[in-house]
Structure formats: C-alpha cells, structure tokens
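By written order: A, B, C, D and E. Residues from 1 in each chain.
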Amino acid sequence: MTVWLIRRLLQAATILLLMTLIVFFGLHVIGNPIDILVAEDATQAERARMIASLGLDQPLWIQYCVFLANALQGDLGQSYVYNMPALPLILQRLPATFELAFAATGLAILIGIPLGLLAGLYPDRWFARMIMGGSIIGFSLPTFWVGLLLIMIFSVSLGWLPSTGRGETVSIMGYGWSFLTLDGWRHLLLPALNLALFKVALVLRLTRAGVREVLPQDYIRFARANGIAPKRIIGIHVLKNTLIPLVTVIGLEFGSTIAFAVVTESIFAWPGAGKLIIDSINALDRPVIVAYLMIVVCLFVMINLCVDILYRLLDPRVRLEAGA
Amino acid sequence: MSTNPSVATRNAQEAPLLSLDKAVKRFARKPDLVERLVQRAGLAKPFPVVHAVDGVDIELRSGEVVGLVGESGCGKSTLGRMLASIIPPTSGDLRYRGQAFSALTDKQRRRARLDTQMIFQNPYASLNPRARVNEIVGEAAKVHGLCSHAELDDYVSDQLDRAGLDPAYRFRYPHQFSGGQRARIGIARALAVQPRTLVCDEAVAALDVSIQAQIINLFMQLRETLGLTYLFISHDLGVVEHLSDRVVVMYLGRVVEQADVEELFSRPNHPYSQALLAEMPRISTGKKRFSAIRGEIPSPLDPPSGCHFHPRCPYAHERCQREAPALKPIASGHLSACHLNDTA
Amino acid sequence: MSRSKPGPQPTLRPSLGLRFAREFFASKIAIFAALAAFCLVAGALFAPWIAPQNPYDLMQLDVMDARLPPGSEAMSTGLIYWLGTDAQGRDLLSGILYGLRISLVVGIGSALCAFIFGTAMGLAAAYFGGRVDALIMRSVDLMLSFPSILVALMILAFLGKGILNVLLVLVVIEWAYYARTVRGQALTERGKEYIEAAQCLMLPSWRVVVRHLLPNCLPPLIVVATLQVARAISLEATLSFLGLGVPITEPSLGLLISNGFQYMLSGEYWISFFPGVALLVTVITINLIGDRLRDLFNPRLRR
Amino acid sequence: QDTTPQGTLRIAFADPVSAVDPELNNHAGNNSVAIQIFDTLTSKNWDNRAKPALAENFRNIDPNTWEFTLRNDVQWHDGTPFTADDVIHSYQRARTMPGSVASFAGFLRTIDSVTAPDPHTLVIKTNTPNPNLPLDLTSVYVVSRHATEGASAADFNSGKATIGTGPYRFVSYTPGERIELAANPNYRDNDAEAPTWAKVDYRYIPNAPARTAALLSGDVDVIDKVSVSDLERLNGSNDVNVFAYDGLRVLLLQPSFREGPNRYITDNAGKPLADNPLRDQRIREALSLAINREAITERIMQGAASVANQWMPKDTFGYNPDIPEIPFDPERAKQLLAEAGFPEGFRLTIHAPNDRYPLAPETAQAVAQFWTRIGVRTQVDVVPWAVYSGTANKNEYALSMIAWGNGTGEAAYALVNILTTVDSEAGRGASNWGHYSNAEVDRDLAEATSAFDEGEREAILRRSAVTVTNDVGVIPLFHYQNVWAARNGLEVKPMNSDRTAAQMVTRVEER
Amino acid sequence: MLDERTSAAPVLEVRDLTTRFTTNDGELPAVESLSLRLERGRVLGLVGESGSGKSVTGYSIMGLIDRPGRIVSGEVLLDGYDLVGLPERELRSLRGRRLAMIFQDPMMTLNPVLRIDFQMIEAVRAHARVSHRKARSRALEALEMTGIADPLRRLSNYPHQLSGGMRQRVAIAIALLHRPDVLIADEPTTALDVTIQSQILAEVQRLAAEFGTAVIWITHDLSVVSGLADELAVMYAGRIVEQGPVGDVIGAPRHPYTDGLIKSLPSNNPRGVPLAQIPGMTPNMFELPQGCSFMARCHRANQTCRRIPALTPSSTALHHLARCVHPLDSQLDAQALR
C-alpha cells in the first residue's frame, strides 16, 4: 500500500511535468500574451521592454527550464495581469471555490441519492416517473438559464436570497471563509443549487440504475428472508452495492466543480477560481494557468486516489494493484 | 477405474499429465495505510494469513480419475483452481506432462490451459449474468474453432443435451434456471471446448440423483472414449467411491492420505479418513441420530502446530502437537501422514 | 449414457434484431420516445425542405426583423415567423431545424466516440491493471484537469476550425469521464467468478473484456452517456459562443440558446425559449431511449 | 445642505480589476478604482479639456517646458502632506513599472525631465513640443513616495501602499469580488467631486444580466455597462432609472490594405483573389454605403448607440460637423462594385472578437447581411481575443473590427494609433491593423502634434477626418453609449471616458 | 395472534399452491397445486428432479416470489393464518423469526460487500432488541454451532474470503439465529464434508426436538434424508408425485420416478458399471405433456396416463400417497402396456 501510494505520487509528479509541458507549448501556439495585454497605443520599444520584462524574449525551451528551476524552489511565476505571484493569487480564491463545490456536491448527494433510491425501488409509480422526468429537465437546461431563473425567482421576485456575491466572511488561516456565517450561507445557497442541478440528475440516475441492478440479486432476497427492515436493506445492502459508480462520478464532479464552475461563478459573481482561470486563459496569463493547472492536477490525482481507496473499502473484491 | 486398471498402471511410468509440486497458496490481505498505522501503534493485530494450500504434491495421470475429498475449507477448490491455472500458486510448480508451465511456449501453454477445464463450485457466480445460455456454452467453441458458425446452434444444443438440459432453454439467462440446471450449464460449457482434463469442483452436488447418475455416466463414457482425466472434488463419498481410481484426502491445506479407491474405502489409515468414512451417510429406513463433532475444529487462519488434525484426533499424543507428520507410503500406492504409523 | 429423446425442438426464434425491437417497443414510453426521435431526426434531416427559411443564408435574413415575437410577419417578404425571430432577424423555427442538425451530429457523435474510446480505455485499465491501469488512469487525471476551453483553444490553434475539429475537441474532453466511470465498475466485476471462467476457457482478452466485462458495466455507463450527450450539446454551444465552435452565422441549437440568453430578462423570452424547448425534447428523447436500453440490457428485468 | 458624507453606495461594475496599484496597468477596471482613491495632476471635464486638479494651475513656459503649481493644502490619506516630489516619484515609477503589461508610459512618452524647484512647483520638460501634455497627464495617477517605494502588488491589495489623495480612502479589497472604500474626510474642499458617500461597496459583477438582476433585486444601487437587451426591462421598471450618455468609443471596420491574395477574400468559387480588392477605394465605399447603420443602432444596439460617420463623436475636439451622414444606398454600392470590376461581387470574411466589444459579433453579422445583399457574400468569423489580437495585428484578416476608445477625447489619439502609416519604431499605427496608409493623413498628424494653437489644431484634425472619410480608410459604424442604471433617488453623471466611480453618483429628490 | 402455539394443528400448511413465472416463452408453471402439512418438531424431506420447483416452493412459502413470478393461487397457513397476500410489513416480522430459509447457492446469498459479522448482527437485531455486543456474541455462538473453525476471526471476513462450505455455514447460522418455528433448508449441506454435515444435522435435530422447529429439508441426498426426515415428498415438474413416511417411500417407492431415483444412487450400483438412470430428459416445463408429466419417461405408461392422476393413498399405508395411475405396488395390466 505504501509502495502503491509512493508510486502514485511519482506518477503524479510525471503528470505535472507533462501538463506543464503541454501548457507551455499549447499556449505558445494559441497566441502571444503581449498582443492581448498590451495597451492599444504602445510603441515597439514599450512592447519590447514588456516582452523582456516578462522573459518572453527567450526561446521557449529556455523559458520552460527557467520555470522548472523556479518551480522546484516553490516559485511558480508572477502573473502577467495581476503582477502577483501566481500561487497566492490562486490560493486566495480557493476558499470560495471549495465552499461552492462542497455545497453543490453535498446538495447533489443529499437530494440525488434519496430520490434515486425512491425511483429505483418503485419504478412504475407516478412519483418515480415524476422524479425521472424532473431530473431530465435538471440537466438539459443550460446552467446559465437556470442560474438566471433562480435569481429572477428567489432574488428579484421573492427577494428571499441575495442575487450575487459572497456573504460575510470569517478569516481563518489568512483566508476568508463564508460558511461560518448565516449571511455566507444565504449567498451560497443559490449558486450551489444552480451547480448542483446537473449533479443531482446524475447522482439520481446512477442511484436508480444501481438499485435496479442490485435489487433482484439473491443476497437481497436473503436479507429479506431474514426479516431485515426494508430501510436497512435499501440503505445498506442495496446502496453499498451501487456506490462504486456513484463514488466515481461524485469524485469527478467534485473535482470539476472546484476547477471549472465558470458559468455559475460569473452569473452569481462568485469570486472563485473558475472565473480566474478563464480570465487567465483569455489573457494567456501563462504563470497563472500553469500554477492553476498544477493545483488542479494535484487535486484530481488526490480525488482519484481517494476514490480508488474508497473502491477498496466499498467492495473488498476490488484489487487495484495486481496485473492480469 | 477398477475395471480398467491397466490405464493407471500403464501411465505410471510416463510423466503425469498435470502435476503440482509443493504447491502453496496463501491468502493475505495487504493492510492499507490506516490499518498499518494502527497496527504499528499496536492497536490491532496484523492480518492473519490463510494457508489455503500448504505444500501439496498432486499429480493427475492421463486417463485417471482422482477423487479429492476433505473438510470444507481445507483448500480443495483452491487446489483445483491452481491446477486449472486460474490462480497462480504462491509457491510451487505447475507442470504439464512433466514440464514446468513457465517453460512452455506461449502456444503450448494456451493449449495446456484450454485442455484443462474447470467446473466451478458456484454455478451461478461463474455464469455471466448478461449472457444467454447459448452464448455461454458456445462462445469458446466458436472462438477456438471447434465448430463453424453455421453449426454452432446444433453444437450448443448437443452440449446442453449431453449435460441433461433441454436445448429449448438455450436462449434463457442464467438467473432463470434452478440451481441444478445452472450446474449443468457449467458442465456443458466446460465440455464444449473438448478438454482433456476436467477439474470438477462439486460438479454434481446440486443435481438430483437421477441427473447426477446421468452426468456421472457421461463423465465415465467420455473417459472411456476420449481418455479424459478428472480431478473430482466432492463431499459425496458415495460418488467418489463409485467413480475414482485414486482418492486424495485433504485436511487443512495438506494431503493426509492418498490411496487407490478400494484400498482407501476398505482400509482408511488416517484418523480423519476414518472419521469421514464413519460419518458417511448410508441410505437407511430408520431415523438416525447425528452426532456433533468431537474436539475443536482447527482454523486455517491459525493452524494448529504439528499435525493439523490433532485437536480432533482421538488418538492424538504429544508428538502430534509438535511435529507435522510426513506423507509416507504404508502400503503399495497408499500414502498416509500420521505418526501412528511410525509407532505401530 | 443414453440420449434417447432430445427435448422438444425449440420453436423457431425470430432474428435478434426483431426480438430486440419487439421488446424495446413493449413500453409505451419507448414508443413515444422513438416517435419523438423520429420526428427530431426527420426534422433535422429534411430541414432544407421543410424550414420556411434558410437561416444560414444571410441573404434571407433581415436585421429589420430582429426580435419579432412569435407569429409576426416579415417586413419585406411576408413570411410568417411562427416562433419569432432572434436578434439577427433569423426565423427561429428554421434556425431550430437547422441547428438541430449540428447539435445532433456534434452531441451524439462526440458522445458516441468518447463513449467508445473512453470505455475501451477504462475497461483495459481495469482488466489489465498494473502498468496499463496506471498509464491510462494518469492520462485520465491529466485530461480531466484541463479546462475544456483551454483544450479547445489548443486543438483549434493546431488544427484550425471546423465541425470535425469541434467533434474532436469534445471527444478529447469527454473520454476521460467515461474511462473513469467504467473502470470503477469494471474493477468490481473483474473480481467475479464468471470472468475467471471466461479466462479459463482461454477466450482472448479482448473478448473477455468486450463480451463479458463490458455488458456488466453498462448500467452506470448508459446513465453517464445519456447525460453526456446533453453536456456535449451545451459544451458545443459554449465553444461556439466563445468563437471556438461552429460559425456564428450557422448557429447550432445550443448556440441559438446561448445567443438568446441575454434576452431572458427583457421579456423577449422566445429567442432562447423555443430552442431551449427543442433541446429539452432532444435530451428527453435520448434519455428515454437510454433508460429503455438499460432496462433491456438487464436480463433480470427482462423476461 | 448638509455636505458631510453619509450612507453606503453599492456599485456593481463590469470591468475586471487586476490590481489596486493605479500605475500598474492601464486597464479600464483598474482606472475606475484608481480614480476614486487617487488624484491626477490635471483632470478632464466632460468636454475633454484639461483642468487643474492636484496642480492649481499650469502654464507653458516654452514649447518644450511646462510649469505646474501644486496645491499646498493636499494631504495623503495617512495625513502626510503632498509634495512635488511625490509627482516626480509617480512619473518615474509609471515609466519603469516592473511587471506592467499595459503601462502608463505612453502618456509620459514625450516627457524629458521632471524637476521640482520647490515642494509645490513642478517643471516638466518635453523632448518634442506637446500641446497635449496636460491632457496626457490626466491619465496618470499620482502616488506617494513614502508609501509606494518598494511596495509590491500585495502591499497595494492589502491597503498598505494604497494611500491616495482622492475623495475615497481604501478600506479593503477582495480580489475578484469587491473593493470597499470610505469617504476621505480631508478631501480638498469645495470640489465638485468631494465625497458624498460615507462608504462605497464596489462590487465586481462581470455578467451583464447578473448586474441587472442585482439592481432589480436591490442588492446594489448602481450598475454600469447595462446590457442593451436589458434596457427595455429597466426602462419599464418604476424603481430604477437608466442613464445613457454618448461615449467616446467608436466601432470601426478596418479593411486590410495588404497587397496580394488574402485567404479571407475569395472569388465566388472560393479561390483567393489574386489581388486585394479592398485596396480599391470604390469597393471600400461600396461596402460602406451598403450598410444600414440606422438599422444596426436601432435593431442590434437598441438605441444605445449613435450612428457614426467618422471616428469622433459629435461635439468633441476634432469632430468635423461638415462631413455628411453616410447614406444607406445599396444601389449605388452595387454600381460601384460593378465599376470596380466585381459586378458579381466576391466573398469576404469579417473577423470580430467575441469577448471584447459589446455586441460586436451581432453587429458583424448584420454587416454581413447587408454586404451579402449587394453581392459580397460575407461570412463572420468570431474568435476569442486571445487569438484575434495577435492575428489582427499581423494584418492577416481581410476585415477586422475594432472598438476604439478615444480615451483622450480628441481626434489625434486615433489618428496616431489607427490611421497613420504603421511605424512601430516611432510607435505609430499601433492599432492600424489593416495597415492603412495615406500620406496626407501622416502629414496632418505631424502638423497637429506640434500646433499649440487650439483652433489651428482643430482645423487640421477636421481636415484629416475629411481625408479619411473620402478615402474610406476605415468604415465607421456607430458610437457606443455608456449606460448606467441606478435605483430611484440616485443620479449618475459621467466623469470622463466610461469609468464608473462613486463620485459620479449623487442623491436627488425622489421623483 | 400468530404467536399462539397449538400443538395439535400443523404449524405450516400449504394448500393448493401454484406459482408461475411469466417469461418470453410463455407461462412457466414452477409449482402446481402443491399441498403440504407440517407439524411441530417434524422434518419433511423434499426431494425431486432438479428444476422441479423445490426452491420455488420454499420461496413461495417465505413470500419471496418476485416479478415476473407470482403466486397464482393457494394458501400458506402458518398456525392457521394465511400468509399469501399479507402485507410486506407483517411478513417481515415473521421472516427470520418464525420462518427461516437457507438458500441454495451459498455464493450468492451473502452480500459481497458486507462483512460476515455485520450481516449476522443485523439479522440478530432485526428481531431482537439487543445491544450490538450481545448480538455479536449471539452471532458467534451461532457460528460455533455450525462448526466453523475460528469463528471469531471469520466474523471479520468478507464472503469472498470464505470457502463455499463456510459461506453455507454462515447462511445456516443466520437462519438458525432466532430458532424459527419453520425452517426451510434448501440443500444446506451439499457443500459440506460429512463430518461437518453431521454436525449440522445434529444441530437441526436438536432444534426440532428442543424447540419444536418444523423443518422442510430440500435435498438431493436421499441418504441424509432417510436418516433425518420423518416424511418425504418427491417432486417432479412442479408437482408432488409421491409423499409419505420416509421409511415407506424409500423402502417401497410407489411412483416410478421415485423408484428410478433410488435405483440411480451410486451406493445401489456396483462400482465400475454405469449407474442406472431414468431414461429420457427432464420435461420442458412449457410443453408439459397432457396428463402425467412423467409419462414420456415411464416404462409403465399407457393411454390412461393421459389425464393428470390424483395423489392417491396406497392400499396398505394410508399416509403413503402417490400421483400415479400405475403405482409400483399395483399389478400392472400387461395388456395396458404400450
């Protein structure tokens, strides 16, 4: 296991390297940040000075080597746009992102799994059909549509919840967290709901599919034969057997919410990292993109590691190491 | 088979068709990180290692039927799976016609593996729940070119028919069958690739006696006509007695006795074999009182020292606790692992 | 052994396709879904003949007709805009019919390709384990970490624009999702005895994977796949909206919605509402079919 | 009337803020923030004439020397008095700002030296005569030497270095979310821009519908850059008012003057034309005549724009009132095409960035419609700015779209950057993507930059406007309006350009 | 109310039970008008052709028939109360406590992702309000009873870590946890070696003797059943074809099928020669012949077999019933032979 973990870490390092390479060369192909950022009236001399000051006058591979050398010392570069070290710039945004991602994923689980169980247990009942129908609407409506609709209903018409921004924050470890205040929660609710909608549908449908798969198995019949309460049969025997795809997908969704919840973030003016990365991509702000993607890669590697470990906890038959 | 003793003797000189030398199979769960930390801290005991098979030599000679009996959990299935090269032994060599498996060319190894088929103990679990019976039975035959696409349907029907299953059922899914029917699907599947060796793990346990008879007759007939070799794992001593040439008795991962069938059934040497035969149910018309096991049942997780059987053995003495008895010949073709033979 | 009488000969089985079709249509909802699917596909396919206008021909558009409510008449031609017009004066009905073509091709096409590729990767990872698993899963991690927009920018910078490249972008973005989902499921299935049995029969690995492992991993996959179609359609819209997808003058369904989005608050609801409805119907149809397929693939639920 | 500041003003703004440091980057969002905290030596009225600010008055000693007398009653937010040395420091800093990607150095380009004979007098020498210097200096903020020397971006963001002289003090900054400001109690007296709000909550809401929703739901008091599609809704609401003012930003099409074939200009069969037809004035005129500008401002821009016939909007320095409106005349356009040898037209692709200018893609499509009608079958290719900027700059597009902000409020700025012959050494034609070149224009520009007499300068600029118009060097489409919306009881008056600042918002009697 | 225990009346009585499965090929009559009577403390052996409906009978009694199967008609009376159509809630309180079943395939009956102790403790606590620890110790006791070695450690295993026999014993232990009134054991000992089998059998006998548990013992092993059961029922193609005291049925079978079964036992055949077997094949359940379903394989069959014979008592032993027109104890009319 330890060996396995170490191997995973080494692999992660390799991906990081690969990722930075791809980003370096990919961005180079897309365009030149100077063209994007430079003032419309800049002279050639000013341009040249800027290019030199950003180190963009060097050949690409030297730029890459410089980056690697600095990265090894923990310096991921200075944002072109913000003129700040990229790492703190991103870290600043992460609390908001984490809050949103946790809230959205939490909502998805809390709503999706019970509804999915219901729909799976009584596939032919009217409410099951309602749930399944509703879930389709949940994921086929574009996110921005739903976001705006939520704002129109809950903020503009009813005035219950604030429409944008993050609520009051409390500072912990130098970062502002809003989940500790009531105001923070009020602000969090709508964007989280907006993001959760697709996930609810996904979780719900997966749960249902799993239940339909497991329900006819002999061991469920055996549990029934032992007079186990239906609640337990469903909540434990059935659920635990359907959890593997759910865990996979929830992990994936959680990761991508942290990384790329741009639409929701911009509609609700949520100061998260997703908007930052998109802005940075639009400006080809390489240090930020690279630093951000490095964080995201680590995040995904970690999530997937957790998911893999969860697989083993959920199903003892899963073997992760052995080859065929 | 006793009516055909020449088969066994003739092949005695040749290398056995399939053999395992000093096979050991251990199942140990690797602790994960948290568990390891807990163990390091002394809060939990390390995970037990299961010695499912503990240094077993077994050989199947061509055309022979070897019965394998033993306590449940003593490693019979594990041994069978190693022979069918489904799982690799932790240590020890699998040999095919005297050659180590690892020394075979790829093609030979494939051939050898295809030649050795297994009928699984859990018929249902070993059937793909999403395949229809005709796919389950016919797929391998088609892939290995044992019959053409056009003949496939007939071929499958024949196999099912032979295993005593109505071919009309061949478009059904496994869950639509009764336990015995599923077992027969497994038998048909194994036979459909025309193997030379069959590892039958409780192949007939789930069948009613008349179908059991039919299957056993089929096995015998195949042996007669095609010279198949069998490892016949069973708890049904009656069946084993009827069908085997040689019987191997296992107890807790080790072979305790091995002899020709008549010898063993008439003169069991090892106390465990004797207990088995004593408990062998005979058809009677009166009600019978069954008796509980005397002594403590040892566990493969924590096998007793010395002779594994000593906690249950009525003749156990001090040496049995210390020293594991070796499997020694006590008569021609009769091996037994018991200290009593030394003292006697 | 005596084989005195073979069992009664089976009644002749109709061909597999026919049986499948019969079972498929056993449910009323499935009939409805198939009907809807037929209408959508026909609408898309025959759009040039049934649409009142060619919305991709700038000649036929007129900004003066922009944002007309449903049922208005065109200023110059007298054409009736049954579903209104968008900000360019494009007849929405025609726009939807044409847009459907692109969205269906892109959405379903990319989902299908990603499905096939991702599933193959995931299955291989789970079945072979070890190095293969590590290699594939780490590329999955890598792929997942890339924002779709960056991927699109890079690929399009390399290959240029075009619908095929958009398709490629979507596949590149999405395959990882399938791979991970299927791997998770396949890991459990792999430990089961029937896989051992198949291996014992010396079936080729690909066969064990495709014929034994895959069918048993399908249920969650189908769920993910049907949802990913919706995702692909909207992702394509996002890309087009950002100028990375289809030409803005030839909008897909998703692009129509995205373009109409800004009019949501202004009361000119129809600009994104009707395309939205069309998208909804499409997605619902795909899902109903997916659900039905999933049920059919579960022999326990069949008879 | 009580003038002590009170109440909280909540503004939602659209432009991203990359830093609080006012001298880092010349980006719209940054400037909007800076203008509230910092002052400039001179400032600009809505009529775009320089007027005193930190400088009490200024005068021309000789064509190359300016003297500025500084106010002596100005204090930094931390109480330190403001001196000429701070200005010297600021200009020095702006020119050498490390890490700046859009520096303010351009405004200081003509400055040779800055000296301070005494703490409240500043002498600036220029390397060439620059009549526009006071106007140029309206764009460069003055920071304090004591707070900013050696300060990093983080110091500004935390407020440590954000010590200004402006009407509002910095309170806090949450990147990507908001800036909080408080009234500066010591603001120089009697100024129209004296703070009226005790607190300002300046929120970043990039999404236009979200800004509108925030205003409608009462989350904010003022929003800027109102989306034209929301105008109807806002105008219809009883709780909010819309404030639209003509802006300085013009939307232009820049034809490519590159010789030889261009992959975006093809014949009707799709083969690139051997020669660039856009070099023919008749074709350019035909294209310009074919556009129904009224239709675009009305249907696409929904009235939030005014039709353009030149690059300057009405009533600005250099606007030429004699230039007639460009008629919508497809017949004449077709005729011109035929005269130029393209009776069947040809094919063309317009490029526009999707994420930069409001409604540019929509406008491009409308233009494409009009051109298609006269036989020039036009496609629209919308690309992200990241890709667009580089490609347009290389003059690869056949027709590029630019929304030029006449930030200085006078015509020469555009003349230098988009109409003169490209000369990157001298920093001319930086945004002249089509590489338009006309000797007359170049000559006019040279004259205008050294003419200290306002009347003379204006005449030159007006002349060049005629030249460009006749030549159809660019195809002007419309001037954007700047639109704000505020809740009832507030009034928004623009300062200069399209900034959004708390100073612009005042209370009015409830209607 | 169901708890009133009267010794005179049978604990379990099945009347005219018919269970069918709807399949694509048509209705499959898995069990056809089957009747059983079971008194307290008695053991009924149920043997029969594989696929003849033994397991389905068990499931029907437990009320565990799921779609596409259904109980078409009949009654299952537990202490006189009909269980068919009882709401799931009430059935649940009976299952595991008063009615218990051991399933046939040990591999599939334990939940693969739950540990043994979890599954057992849960089963204890489904019907008894006891603490977790208490439940665990009860689980441990039950495991010990089935002769599993090192039960304490086995408790923390997952099912796939146990051998087939061990799994079976876990299932048996779970079924015996609450000392049910009626135990349906579906081939419980096929995966066990004889020494352990006899341990289990001893346990069942003790249960029957001490707690009056009535047992339905489904098996193929006639030798076990002969020693264990009081009564024996033989099923063929969904119907009981012979029923009576175990000694009578095995000693003097009346139905040709039973006779064939006994004759094909290996112990009744000399070693080395093919075993006697019943000719022909298991009938296709969809195309059961008109009349006696064994007709096609029966050497005594003739025209009179074309209608379904009733279960008729033997002339000598009243309780020995057989569903045959030409039972073995009757003189066969030579003329009637085909």
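Points to keep in mind about this one:
Basically, contacts are C-beta pairs under 8 Å (C-beta built on N, C-alpha and C of every residue); 3 or more make two chains touch, one makes a residue touch a chain.
Here the structure is a predicted model, which means the values were calculated and not measured.
Path length between subunit A and subunit D in the chain contact graph, taken as the least number of steps between touching chains: 1. Centroid distances from subunit D, each centroid being the mean of CA atoms, peak for E.
When chain pairs are compared by their number of contacting C-beta pairs, B-E comes first. With centres defined as mean CA coordinates, subunit D is found 44 Å away from subunit C.
Distance between subunit A and subunit E, defined via averaged C-alpha coordinates, is recorded as 55 Å. Rounded to a whole number, the gap between the C-alpha centres of subunit C and subunit E is 51 angstrom. Centre-to-centre separation of subunit A and subunit C, using mean CA positions: 23 Å. Listed for subunit A are residues 30-31, 148, 152, 216, 218, 281, 315, 317, each touching two or more other chains.
Residue positions 209, 213, 355, 384, 386-387 of subunit D are each in touch with at least two other chains.
Shared interface positions of subunit C, defined as residues touching 2 or more other chains, are 1, 6-8, 11, 153, 157, 191-193, 261, 264-265, 298, 300, 302. Chain contact summary for the complex, subunit D toward subunit C: residues 208-209, 212-213, 227, 229-233, 292, 295-296, 299-300, 353-355, 361-362, 365-366, 368-369, 372-373, 377-384, 386-387.
By the touch rule above, subunit A contacts subunit C in their complex via residues 7, 11-12, 14-15, 18-19, 22-23, 26-27, 29-31, 132-133, 136-137, 139-145, 148-149, 152, 198, 201-202, 205-206, 209-210, 212-213, 216, 244-245, 247-249, 251-252, 255-256, 259-260, 263, 277-278, 281, 289, 293, 296-297, 299-301, 304, 307, 311, 315, 317-324. By the touch rule above, subunit C contacts subunit A in their complex via residues 127-134, 137-138, 140-142, 144-150, 153-154, 157-158, 177, 180-181, 183-185, 187-188, 190-192, 205, 219-220, 222-224, 226-227, 230-231, 234, 237-238, 254, 257-258, 261, 264-265, 272, 276, 279-280, 282-284, 287, 291, 294-295, 298, 300-301. Those residues of subunit C whose C-beta lies close enough to touch subunit D in the complex are 58-59, 61-64, 66-67, 87-89, 153, 157, 161, 241-244, 247-249, 261-268. Interface of subunit A with subunit D (complex): residues 30-47, 50, 53-54, 78, 80-84, 88-89, 92-93, 96, 148, 151-152, 155-156, 159, 162-166, 176, 266-269, 271-272, 275-276, 279, 281-284.
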